[in-house]
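By written order: A, B, C, D and E. Residues from 1 in each chain.
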Amino acid sequence: MKKTSRFFLGIFGLILGIIWIFPFYMILTNSFKTPKGIFASVLSLPTNGTTANYGNSFKALDFMNSLGHSLLITVISVLIIVFFSSMAAYALQRNKSKLSGALLMLFVSAMLIPFQTVMIPLTANFGHVHMLNMWGLMFMYLGFDASLSIFLYQGTMGSIPIAMDESAELEGANRFQIFFKIIFPMLTPITVTVGILNIIAIWNDYLLPSLVLPQNQYTIPLQMFFFFGEYTKQWHLALAGLTLSIIPVILFYIFAQRYIIKGVTDGAVK
Amino acid sequence: MKNRSLSFWLFLTPTLVALALVVFIPAIMGIFYSFTNWDGLGYTEMLGFKNYITLFHNSGFLAALWFTVKFVIVTVILLNVIGLGLALLVTQKFKGSNLLRTVFFMPNLIGGLILGFIWQFIFTEAFDALGKAFHMAWLTGWLTDGKTGFWGLVIVTVWQMSGYIMIIYIAYLQNIPSEVIEAAEMDGASPWQRFVHITFPMIAPAFTVCMFLTLSNGFKIYDQNLSLTNGGPYKSTEMLAMNIVNTAYSENNFALAEAKALIFFLIVAAISLLQVYYNRKREVDL
Amino acid sequence: MAEIKLEHIYKRYPGNDTDSVTDFNLDIKDNEFIVFVGPSGCGKSTTLRMIAGLEDITKGDLKIDGEVMNNVHPKDRNIAMVFQNYALYPQMTVFDNMAFGLKIRKMPKDEIQKRVNNAAEILGLTEYLKRKPGALSGGQRQRVALGRAIVRDAKLFLLDEPLSNLDAKLRVQMRTQIAQLHQRLKTNMIYVTHDQVEAMTMADRIVIMNDGKVQQVGTPDDLYNKPTNKFVAGFMGSPSMNFFDAVLKDGRVSNGKGLDVAVPEGRLKVLRDKGYDGKKVTVGVRPEDIHTEQVALEAMSDAVVNAKVEVSEFLGTDSMLYSRTGDTEFVAQVNARDYHKPGEEVKMAFEMSKAHFFDDDTELTIE
Amino acid sequence: GKSNSSSSSDKKVKITIFQGKVESNKQFKQIAATYHKLHPNVTISVSSVGGGTDYSPVLKTRISSGNAPTIFSLAGPADVKQFASQEADLSNTKAAKAAQPGTLDAVKSNGKTVGLPFNVEGYGFVYNKTIFKKAGIDPTSLTTMSKLTAAVKKIDSQKSKLGIKGVFALPGKETWILSDHLANLYVGQEFGGNAQKMYKSKSMKFTANKEMKSMIDLQKKYSVGPVMQLDYSAQVNQNFSQGKVAMIQQGDWIYPTVEQIDKKFAQKDVGMIPIPVKGYENKMPVGTSLYWGVNKNKSQAEQTAAKNFLDWLYTSKQGKKLVVNKLHFVPAYKGYTGMKMPDALTQVVFKYSQQHKTIGWAFPAYTGTSWDPNTFQPNLQKYLSGKQSWNTTVKNSIKGWNEQQSSSN
Amino acid sequence: MAEIKLEHIYKRYPGNDTDSVTDFNLDIKDNEFIVFVGPSGCGKSTTLRMIAGLEDITKGDLKIDGEVMNNVHPKDRNIAMVFQNYALYPQMTVFDNMAFGLKIRKMPKDEIQKRVNNAAEILGLTEYLKRKPGALSGGQRQRVALGRAIVRDAKLFLLDEPLSNLDAKLRVQMRTQIAQLHQRLKTNMIYVTHDQVEAMTMADRIVIMNDGKVQQVGTPDDLYNKPTNKFVAGFMGSPSMNFFDAVLKDGRVSNGKGLDVAVPEGRLKVLRDKGYDGKKVTVGVRPEDIHTEQVALEAMSDAVVNAKVEVSEFLGTDSMLYSRTGDTEFVAQVNARDYHKPGEEVKMAFEMSKAHFFDDDTELTIE
């Protein structure tokens, strides 16, 4: 690409980026204001800023503890989802039968069911087998989030030449070896994507964990909602809390981007 | 992999089990309840199709359905165009393109309430200020009626979701072998032609996925609706999901809500699955 | 190490309305080196893939050592294959690509190291072991694909045009290496190539296919000198045999368009016995059997034509003379020393004792 | 059997509280800890849900998953009906007996008392003392509509001098401001302010609708605008607490919010007067929004422990102090005379309720029914935004109520 | 139609620590047919890709008709290219693959139809026009890739081993077609091949590369008969030239291990003039310049050795005799008629007038 067009793309991107980031500007600046300062003028910079919100929010959220639970639940759930849904997608993509078409549609249609309508029967069922805890929650995430992940995996898997499987098969690899040693590494970009999408969904989830988790396993969003009473909404703490809680995810996102490697399958096609 | 082979089922079973236990069994229970007078705790009588009859006389449901359909049409188009546009933009090589990815994606990190809080201020204050500064009357008085409420919802949804759609497109864009793009360059295709004839057809699976996601999310959208307008004013911006939730929780009519949900599911499933089926047919494996 | 039998094998790809392989029969003896040749799209790769177990066999039986293998899983067949399109693992280094099959088989690390390094040495890939396939040239990739097969102790090697992207010198080296490997491992090899030199020099037997059907199976010499039909005769040899539609009359064949040469006694008798006297036959003469040297002109004086060279190609050792006599075009391959410029009028002798005669309808060799 | 709360020879019991007032959750936890210290054999765990999530579905999932709390909260007749199979009879508790007259009306089921009020709350016009003083108006004199109107006009005329943007801040986005609180004054009249009565009534006449209209019109006309853009936080945090309006229609529950924004302002500048209604002058609508229920499906020991805890909280000396000083609740119980409420707004409510100058809360009769969100609120909002005439609004509301009541009860 | 100049071009791929192309210089004249040859990995594809604009040029200038093109976008260069790895559009049919470049240029529909059908005819793809590339054999894919280029009226054609997966017969046909296309369009073509016959027959000039560096540029005849160095001499011709490390003494070269032959007058004078008398030289003799016919043995009696045939390969026209004299191994290519069985003792004459002499250190030809 030519230098000038790169430059204009950069400018264009910059403008878009500013528009996009504007709400974050509001979150960040207001998290340094006193409650009075916030409502005096939301759009302005903090006049006499305070970092007290962060300290208070950190304490009110029981941050280290809830961060621990958030991390534990998110990381394990996402690993489970990536592991099982990539496998399922592989089975469905490499088998071109009516049955797998139907199974895919089943997974896909599961995404259409509004959560609120299954919420009560779901928790009732899990309650009866004493699975209303962290582990039950992780299993539920597999059920809810596998569909999208499978759908995403299934779509990109088509661009991995079947010759890869064949070649490994002739070398004596069994299905699991073929998948985990050959195919899965080639899926890195979509794995990162699936990972990111699930991480944010689970990291920010409120409703499901609020129904499932006992109080001693509360995650950050659950703690955070104590800032929101019916009348008293503690925006100053909530904004600081939000800022604290999205830092790990943003760090992860920036880190993960490096793994979205350009054109991993390039060498495979002739 | 043959579907009669053991490995086929070994690969599928864990997710199938989870799906059944977590989604389908509760959903089927819900369908059953929709024929009763279930109140979330139990039911005392079977009502047959009464709930289904009620819901079609319930103008709130139809109004919400109509509003949602309009919303879905607009957002599906905007999200896919903008999401794909952003994906194309940030996959170009220029300074800061990686940073931009993060920026565009960040809105997904904000949950419902705070989202509403921030955007209400943008609509009421930033828009107002802009409107006054540039004498554009249409920028003032946002969210005070159904129309601005609608566009408000669209804006927030697009702002929030296009980064999501973007990263899906990015993942697929990166699977295109570079030789094929090069071949098109040699054939004399301009960037736009390359996009239309080569890139886009080759990311057809991403398009299927994103169409589906935007469609189904558009229909299911709740958080943004709740936090931004809460359906108001006078229910003019109440969408399907909210209508269902309200039926269940505010009106305590869980059975009717399940009936609405089933109808809603059938509508969305028909549209989305048709779309998936149709689009999948056009895709090719390498 | 194995006897492989293909019995009446058919293959039709789903969605196609013709068979890609039709009634394929072949007995491969223990330790035999078989080469498949045939025009592009004739079904060579397809047959290989069926043997490997990568394609379902539509009809017929594949037996290895007497056992029907149709439903045996590819990984359990212990076959090594070089894919026509390489099929390298893009995320792995060259080393790992070659080591993969060995790791899967849990071979000790140092043994793997040894074998891969050894193969890399042979293939001239030593300095690329740490690269990924994406950063290799076409020929280098092909060599990696070859290396992946040769490190293994498979029972059967399937090689689908493994040298097509290599230069002549490297090809010769590789050919020797493959032949040695075959010697050393005493395995069966099936080798697909479009390179006649490869086919001729490497094969114990050549299978020549056309349009999904086996045309002839035989030693290189058989195929070259005793083709069973016009297709085989035309396919083997480059430039290919000159064919003339002619009539046999008075001990001579002539096409009425410039060609008119005598048929030697022995050949004539056979043709007459089979009742072709006065009938149409197709005459085939290889370019190298048309001569311009004085000695030849004298020796075969009853088969000399006056030709005009239209195009002449210089090929180092030989020259090709694209020539014409009357309205009949043909190619002669002569020693580079006997080079003739385009436009020159040259006398050429047809060595009819080496000519081939084919039935006009069935295209089968008359013998 | 019956046990004395202070006897330590009892077996250990664990009870759980799941309550809907998320802003008080921390305080309830501290109270639970205090109680545990005094009664080491009773352990209480407290939880809540907040922020836009409705309480009752979560309670339902808890119940249906076998994870039901011992003590839970109820929000009025609709909840009483829904959770009937969970509710223990509390008629014999000390707290029930001490409850102020009328506060238990909404939680009587088949003659039994199944709920105990958290507290009482009251609302009116919360005003800015400084502004009124500067404008030269005595807020307590505004007992009739005409006096109010005159005062409003007077304030409005000196807006810039007073440094305010409007007299009122009417949050058109918050449907409950009009439909629950304001309408209570004009619709509730018909049912004597009794929610149970209204809940059971087949019809509604809305006779006082004209008065309601003038009150809405007044607030709208003199509100900072556009009213349809204002929500609770714009009303309280952004306008009132920053001294940008003279008064707002709100209740004592806003005090913590105001205090959070500006502590000094809250302590010095905040007062509340009743909304003037013909025939009910100088009476404040005081009522209960949440009640405690005890789960009758729990073991006898748990139920007893639960009842003991509630009795202790509302009737013991220690408990009373906590109710007033920690929870900042205006008590719904007798026996608090002489105690001083900690802030200006609860003081007002406490005063009116002690003096029995109150109007009942009838609106819990409809907040849990579909009429409120589907008919009443949208119609009022349509009127407020100028999209619909008042007559139609009234007609639709009456019709909707009558239809709902005839089909459900 | 264009003059292309490559001036001091260098290429280093990011991540590599050596240059893949070093100081590449070439003037391509209008309407010239250039062939690149060289061992695998020598930089042929890389050079082509730089000309196409697909790779940045690390250093140096590419000029077309005098204009520096380094920064011109590939699509604006009007170049057609056949990729070594095909790079077909997987989602398009064969027809659409070929038509794409024309559609882009807004050619009328019926003209497109005509051209594509015509190309398909030539390439034998007519019946596959509706298939997608995934359902084609290797050779068929390659032909599609070729078709995609030949339908276009490009200013310059870059063909990267376009025939490597085709059988001999089809190759010859395709070769002719490409030559005709070149004639008709009067464009420049740059053609990469590892097939010497292709290189020899098609090229106006051949560029021979090794290790990223141009070794020699010249007509096929030049390269074959006047190689500038040992690499070129050894690379051109198959089987390749026999090299002997020998000493020049008394008008003979001998390596002390069995080879000892006389150098003809003319050659000897040059060697002596350049001071190689008594010094080491490398002697190169092509296999076809070693003869077994009686005539030759008599004519070159001062260069006859007693050899033993160790392996003999039959190649249709010719035979290769892998032979040994003393401890010296060499290959002779003789007429198939002069076939000798392995083990036979044969007298062979070295045609030293055609031998090549190279400096032992610089490996440059001595002349």
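Note that a residue touches a chain if its C-beta (ideal position, glycine included) is under 8 Å from a C-beta of that chain, and two chains touch if they have at least 3 such contacts.
The shown structure was predicted, so the numbers you read here are calculated from the model rather than taken from an experiment.
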Q) What chains touch chain B and also chain C? A) A, E
**Q.** Chains in simultaneous contact with chain A and chain D
**A.** B
Q. If you tally contacting C-beta pairs, which pair wins, A-B or B-E?
A. A-B
Q) Taking each chain's centre as the mean position of its Cα atoms, how many Å separate chain C from chain D? A) 94
(Q) Distance between chain B and chain D based on Cα centroids, please, to the nearest Å. (A) 37
Q. So how far apart, in whole Å, are chain A and chain E when each is placed at the average of its C-alpha atoms?
A. 55
Q | Sites on chain C at which at least two other chains make contact | A | 84-85, 135-136
Q | chain D, residues touching no fewer than two other chains | A | 51-52, 57, 60, 64, 233
Q: Going through chain A residue by residue, note those that touch at least 2 other chains and give them in order.
A: 119-121, 125, 161, 174, 206, 225, 228, 233, 235, 263-266, 269-270
Q.
Give the list of chain A residues in touch with chain D in this complex.
A. 35-36, 38-40, 119-121, 123-128, 132, 206-207, 210-211, 215, 224-235
Q.
Which residues of chain D touch chain A once you look at their complex with the stated criterion?
A. 21-26, 45, 47-53, 57-58, 60-62, 64-67, 232-233, 236-238, 241-242, 253-254, 256-257, 260-262
Q | Residues of chain E that touch chain B when the two form their complex | A | 52-54, 73-75, 78-81, 83, 85, 87-92, 100-101, 104-105, 132, 134, 148, 152
(Q) So in the complex, the part of chain B that touches chain D is made up of which residues? (A) 39-42, 60, 112-113, 117, 120, 124, 141-145, 226-227, 230, 232-235, 246-253
Q: Under the touch definition given earlier, write down the residues of chain A that touch chain C in their complex.
A: 161, 163-164, 166-174, 177, 181-182, 185-186, 188, 263-270
